[in-house]
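One chain, chain A, appears in both complexes that follow, with chain B as partner in the first and chain C in the second.
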Partner chain A sequence: MDKRGQIVGGGLKNILIRERSGDKLEIGELLVVNDNFDPEDLYNNRNYTILQIKDIEYKSQISPAMHELLAGMELEGHNPDLGFVEPELANYSVAAAKPMLAVHQKKDKYETKSPKRLPNFFNPLFSIETEDLKFLKPKNTQNSLYLGNVRSGSNVLEDLNVYINAKDALTHHILIPATTGRGKSNLVKVMLCSLLSSKDAGILVLDPHDEYYGRNDIGLKDHEDSDDFLEYYSTDPPIGQSKLIINIKSITPKQVKGLTYLTQAQSEAVYLIHNRFGENWIFETFNTHHIEGVHPKTLQVLKRKLENILGIYVKKDEEGEVKLGYRSSLFKGGVVGESTIDNITESLEQGKIVIIDSSKLNDPEELLVGSMILEKLFYQYKEYNTDELRKKPVISVIIEEAPRVLGKEAMESPGGNNIYGTIAREGRKFQIGLIAITQLSSLIPKTILANMNTKIILGNEMSVERHAIIESAAQDLSEDNRIIASLDKGEAIVSSVFTKFAIPIKIPYFNDYIKKFQTGNEGKQEKVRTQISG
Partner chain B sequence: MLCIVNGGLYIKSIREIAEILSSDISQRKLGNPFFNEKNYKSYPLDEKNFHEIKASKNQKKLAFIDGGNQELLPAPEYSVQLNRVYFNIFRNNERIAPRSNISQRIEFLSFTSSKMDGKNIEFQTKIAAEEDFLKYLPNEKDLKASTHDEEIETGTQAGMERMASMARRFSEWTIAEHMIDSELDSGDIIIKDGSLQTSHTNEYKYVDNVFKKALEKKVIFAGLSKTCRLTTDTQISLVDSIQRLAEESNLSYDKWCYYPVAKSKEENSNHRALIMIVKLNKHAYTSFRFEILKEQADKMNKDDILEVLSLVADNSRDIRLPGYPYGLIDADMWARVKNDELEGYKTKLYSELSRKGVWSKVNPLMKIVDTHEKLDNK
Partner chain C sequence: MYKFAHLADVHLGAQKTPELRKLEFETFEYILNTCVEENVDFIIIAGDLFHSNLPDLGVVKDAVGKLKEINELGIPIYVIYGSHDFSPNATSIIDIIAESGLLKKIFLPEIYDDEETGEEKLGLKFTVDPKTKAKLVGISAKKLGLEREYFEMLDRTSLESEEGFKIFVFHAGLDILPRKLPTDSLKLSYLPQRFDYYAGGDVHEELYIADFPEYGPIVYPGSPFAGYPRDMEMSACKKNKGKTLKRGFYIVEFDEKVKNIKFCKSKKVEYECLHFNAKNKTSNQLNDEIMNKIEVTDFNEKIVIVKVQGTLTSGKTSDINFNEVRMKIRDKGAIHVGISHFSFRSKEFEAVTYKGEEDSEIERNLFKDNISNVDVLDDDLNDENGVDLAVNLMNILKESQKVNEKKANYSNRILKDSLNILNI
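For the complex of A and B:
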């Protein structure tokens, strides 16, 4: 083990480390300092502290004026015949590092604590090694959510995978703050891939870019267990997958309220119609010009609003009978699609991953589909007693552009009491959580952000957004602003109440990662028929 | 009543002094090096004595040694000193680790006491050091001296300080001897901070030993003085005279050596040196006095001397102090006993004295010589 640097000052907030000449330290790099120095005893009874570099700056034994003068002489061609004898002693870098974790290792047992003492002054620091983080390895990876490999600066510890307990993490909500191009989709695919074979988690994926299933590329469909644990719904499904059709009878007034603003009169009218006509309430709203107890103008406005958000319109057939027309391929009347929501919730309750291709849906349609599924599940799970619930898989929903449903505006709007907000606040009790993806964390109320107990932070160049994430992180990331800004594609920091410290990770490239799950996949028979529910 | 000096009067006084000074300087002629002719042969100033120092590809080692000491316990009849000697070795401006197991920095405490012996004051010094260091340090027997033999102001604190620094001075020679013996080879150069002159009766013995060793192993022994109080016979600084001569001669050399300035005569056992003035870098803010052991210099021609200086000049390129060897900058840094580190040692010594119940007797003695320091700190 080569020394990387030596402690030369600072305090618990920031320990100052002189860098060894030529051995470039990196921002975000993890270092280890041993607090006991008996080499015989080092691996049997060892105290050490893990530090992370937060900043690096130039230092010199020589005054800045001297440097500037010398640079001037060189630049202006004065042939100075001057320089630095032993430049490695005169000019160097000093890194500021934060102690992340104090570890006591006794043979194979590790005890970790938040650092409350300074490591010994002037002690040398070493690069972190797998052995130093052995306590991160879960006893059982079967029900664990894989996120990537430990990363020290830009160096990846290939043999140290980072897992968090899937049940805990999913029910306590996960936030993935990421701007475009930082590897968000890849991360989600890796996470889903690691969970796919687990019966303990049912994941609903609202996929607005149709990128997770792998219709035209490698995707989750290529996982060896995809036949058993993956379902794909699309308004335009490939052969063998399910067509996404929602029968308008499945839609409730509450869901409509979640999609559009209704005045009190309109709201009352909707419930009245629903009470009177039951599941046919939308059809009857369009079918009639007069409903007792509803003002004609109110009814007219309701029709217009339903038409706008659901794309439904009235048409008459050759016999003059009123029929509903559907501009969106999502909605249908009659009997088609009546069981779609039931089928999806059932699959989720079986611990499957259900991907909804919402690429051809507009925003309200996508949210409506998600709401319908989640509402049904939420109330189902709410009904289970503790024992029943314990046997059920945890449910999580992946929602992109989360501020649409969790943003201050969405939450505070009259129709804002949406199921996503309900899950964010109460879902944990009923084993339902969110995986919220957003570029704009600052739009989500602090109370909701604080409840997202795991944050997988990808690079973000927007200062306001970084601050929103840092303020709500499970660990103190107040010194990580620059580190977050400098995260490259595929690099992330996992800050979670379920991790010992904010772990820097490198997320593997999905196309490589899935190869682990493709063994024996050869010769798999493709399904031949598109399934249409109901 | 307090009197605050009026700003105008202050400036007037400065102008007057500047006028006197400039008039005096301009009237003085450069003159010739002024040495005691009994002990030295000096050479008149001559622009032909400037020699250009050129680059060299010599791979010989350059070693530097310096020492420092500071008083921990000052009293009229006692002085406890913290002493430090440090050396380093370079080849091609790269530091070389010592071959032997000697520590590069040797630190020890010394206790010098005085007592009256008739009209003389007798001084003796005891050394307290780590066991490993003792072999590199002088014999306590040689650290005895009396005002009869030494040129010191009797009964003054300055006299006590001079005697108290003997241990450190002698250690520089003993450690230099070890370096020549164990660390250096034929043709290598050792440079001591300061001149090669002795200033104590028993110092000669140590100097003689180290010079013998240098001659035997053909290691060139040199000294470089940060300050030079030598003058010309017109009482101008010798260094300044030679620099002015260089200017007046429109000397085109970036680095030069002026020699010979003076050479010790055979009978001068206290100082065995060829003395020269050197400018070791184009950007040097001043030139320095440089000496080479006389017996070695006698056998060297001009090119040999310039070869040595070329190596030293190559080590004098550091931006911190252009024209002064980096090895001596480094040696000074590690040998110097700084005031702030002295406090820790003082506290430990005082608490030990207190534990032994003698603090109440020592403290009044210290106060006698300490008042000046206290006033300085007000």
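For the complex of A and C:
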């Protein structure tokens, strides 16, 4: 093991390290410093500290005036051969590193603490190795959520996978702050892929870009267990997948209120109609000119609002009977689609991943579908007693552009008491959590952000957003502003109450990662030459 | 303008009693007679004409007689297998009748390799009705919805690009239908698109769906009489919306497109539904209520369904003598009495989940838990004694008739052994 540098100063906040000449340290790189020197005892009883480089500066034993003079002479051609005597000693770099974790290792047992003491002055530092992070390996990876591999600067530790406990992480909510092009959808695909075969997590994915299933490309459908654990709903499904239909009978007044502003009178009218006609309330609102207890004008406005938000229109058949038409391919009347929401919640309760292709839905439609599923599931889970609940899979919902439902504006609007907010606040008790993806974390109230106990931070060039994330992270990331700004595509920092420290990771490329889960494919290619009877 | 009839799930041979079997056949006759009166050009039976792949020959004889009549009138009958017609290793009666020319099978598969992907494809040949030029194609059902494999392999392009008036015949429920229909459902996206009419079977309730622009009307006529006891219950007892289920089949008028779809009712059958709720009642009170209701109701020539639901406040479910109920109603002239007490419970008897490694262990645990729920005075019937007794008795009752053992000897042996165990 080569020395990478040596401690030359600083304090607990920032330890200063002189870099070995020619050995370029990187911002974000992880280093290890041993605190006991007995090489014999190193692997039986070892204390070490893990540090991360936050900044690097030039230093020199020669005065700046002398540097400037020498540079001038070289540039102006006075004496091009001029140089330093023993330049590696005269000029060098000093890195500022933050101690991340103090580890005490006794054979295979690791104890980790946040660093409260300084490592010995002048001790050498080494590159981090898999052995130093062995405590990150979970006992079994069955119910764990895979996020990527540990990354030290830009160097990836290929054999050190980062997992977090799926149940804990999912119920305590996950925030993925990311701007476009930083590998957000790749990360989500990798996460879903790692959870797909698990019966212990049911994940609802609202997919506005139709990018996770892999309709025309590689996607989750290519996972060997997708037949058993993946369901895909679309208004325009590929062969063998489910049609997404919402029967208007399954829509409740509360859900309508979540979609549009209703005055007190309209709101009361909606509940009155619902009480009187039950599930047929929307049809009856259109079917009649007069409902006792509802002012004709209010009824008229209600019709208009329902028409607008649900795209419903009235048509009459040959016998003059009122029929409803639907502009959106999502809504239907009659008997079709009565069970869509039930089928979806049932699949989630079986620990499946359900992807809803919302690429052809407008914003309110997408949120409505999500709310209907989550409300049903939330109240179902609320009914279970502790024992029953323990046997159920945890549920998580992936919502893109999260401020639409979790933003201050959305939560404070009249219809804003939405299910997503409820889940953010009290879902944990009932094993339901959110995976919120956003470019604009700053729009989400601090109280909600602080409750998102795992944050997978991808590169972000917007300073305001970085601050919002840093302020609410599970670990102190106050020094990481620059690191976050410099994260490349596919690089991330996992800050979670379930990780020992904010772990820098490299997320694998999904198309490569899924290859691990495609072993069963040969069987499918086999010719059936089925005995066709009938 | 042409006309065709679409029926399904006739389930000839499902009924066991002579009275019901008569009704079952009369319904079939009635439907075919209506088809003749209506001047249909052809008839489609979307599966489950018979209740089993090799039904009672008496049932077959009657059916063939009627089919022959239709055949002689020049009305073709097109069929596919339903889940009941199918047998994994035996010929179905449908094949035998089809061989005689009285039925025409329209599931005409051919398997070939796709040129691009090399995967196997299932091509389906259209049957063209000679008179109307309607093009029919169907997929037969297998048991337990195993025909999904057919749909996965289906060469849709050739089906969807075919010109003319096209009918797709299938025997499966669909995922978009209301749930709780006793059928294995197929995803709607499996159906090839752009057919003018989708003639469905397997769903025993009438459904008409014209909500999807990419598909013509998807229609299930339902069971014209009854394939399962539940069908009779649905015909007799009102659903939530206050309507009983209508039974019958569809007649469809068409030229280049479907012009008119009409539901024709089956032969009228009189039903009576007696519905009781045990909520807030003791077993005695419920028993009195049932008996009083039977006293004042007319059951003559009716199919009667007695439906009991809810949880008794006290007493056991076995306090209600359903046998007596059945006898009393029959004595008052009912053709058939069906008793539905699936969700009838007593408080003393709670559902328990049983665990154990072997069947015998599960059985013991089951007895143990249930015995502790029932208050019995006799010590021999309680705890482990009771469990031993129940297990022993069950083992005797499990004994089957030995080869060469006469039925009477067999009954005697079982009875004697049982009495011995019970120490009587």
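The working rule: the second predicted complex is superposed on the first by the 521 of 534 C-alpha atoms of A that agree within 3 Å, B and C clash if a C-alpha of one lies under 4 Å from a C-alpha of the other, contacts with A are read in each partner's own complex, and residues count from 1 in each chain.
Note that a contact is a pair of C-beta atoms (placed from the backbone, for glycine too) under 8 Å apart; a residue touches a chain by one contact, two chains touch by 3 or more.
Given the structure is predicted, the values throughout are model-derived calculations rather than measurements.
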Mind telling me which of the two, chain B or chain C, contacts the most residues of chain A?
-> C
Of the partners chain B and chain C, which touch A:K332 in the superposed model: first, second, both, neither?
-> second
Where does A:L75 make contact in the superposed view: on chain B (first), on chain C (second), on both, or on neither?
-> neither
Check whether A:M66 is in contact with chain B, with chain C, with both or with neither, and answer first, second, both or neither.
-> first
Please indicate which partner A:S242 is in contact with in the superposed arrangement: first for chain B, second for chain C, both, or neither.
-> second
Between chain B (first) and chain C (second), which does A:E86 come into contact with in this model arrangement: first, second, both, or neither?
-> first
Have a look at where A:D342 lands relative to chain B and chain C in the superposition and call it first, second, both or neither.
-> second
Starting from the residues of chain A touching chain B, keep only those that also touch chain C in the other complex, and list them.
-> none
The residues of chain B that touch chain A in their complex are 93-95, 254, 281-283, 315, 317-320, 322, 326, 330
Once bound in the complex, which stretches of chain A touch chain C?
-> 237-243, 245, 332-340, 342-343, 525, 527-530, 532-534
List of chain A residues in touch with chain B within their complex | 61-62, 66-67, 69-70, 80-86, 90
Show which residues of chain C lie in contact with chain A when the two form their complex.
-> 80-81, 85-88, 92, 105, 107, 109, 111, 119-120, 122, 140-142, 149-153, 156, 175-179, 187-190, 207, 209, 211
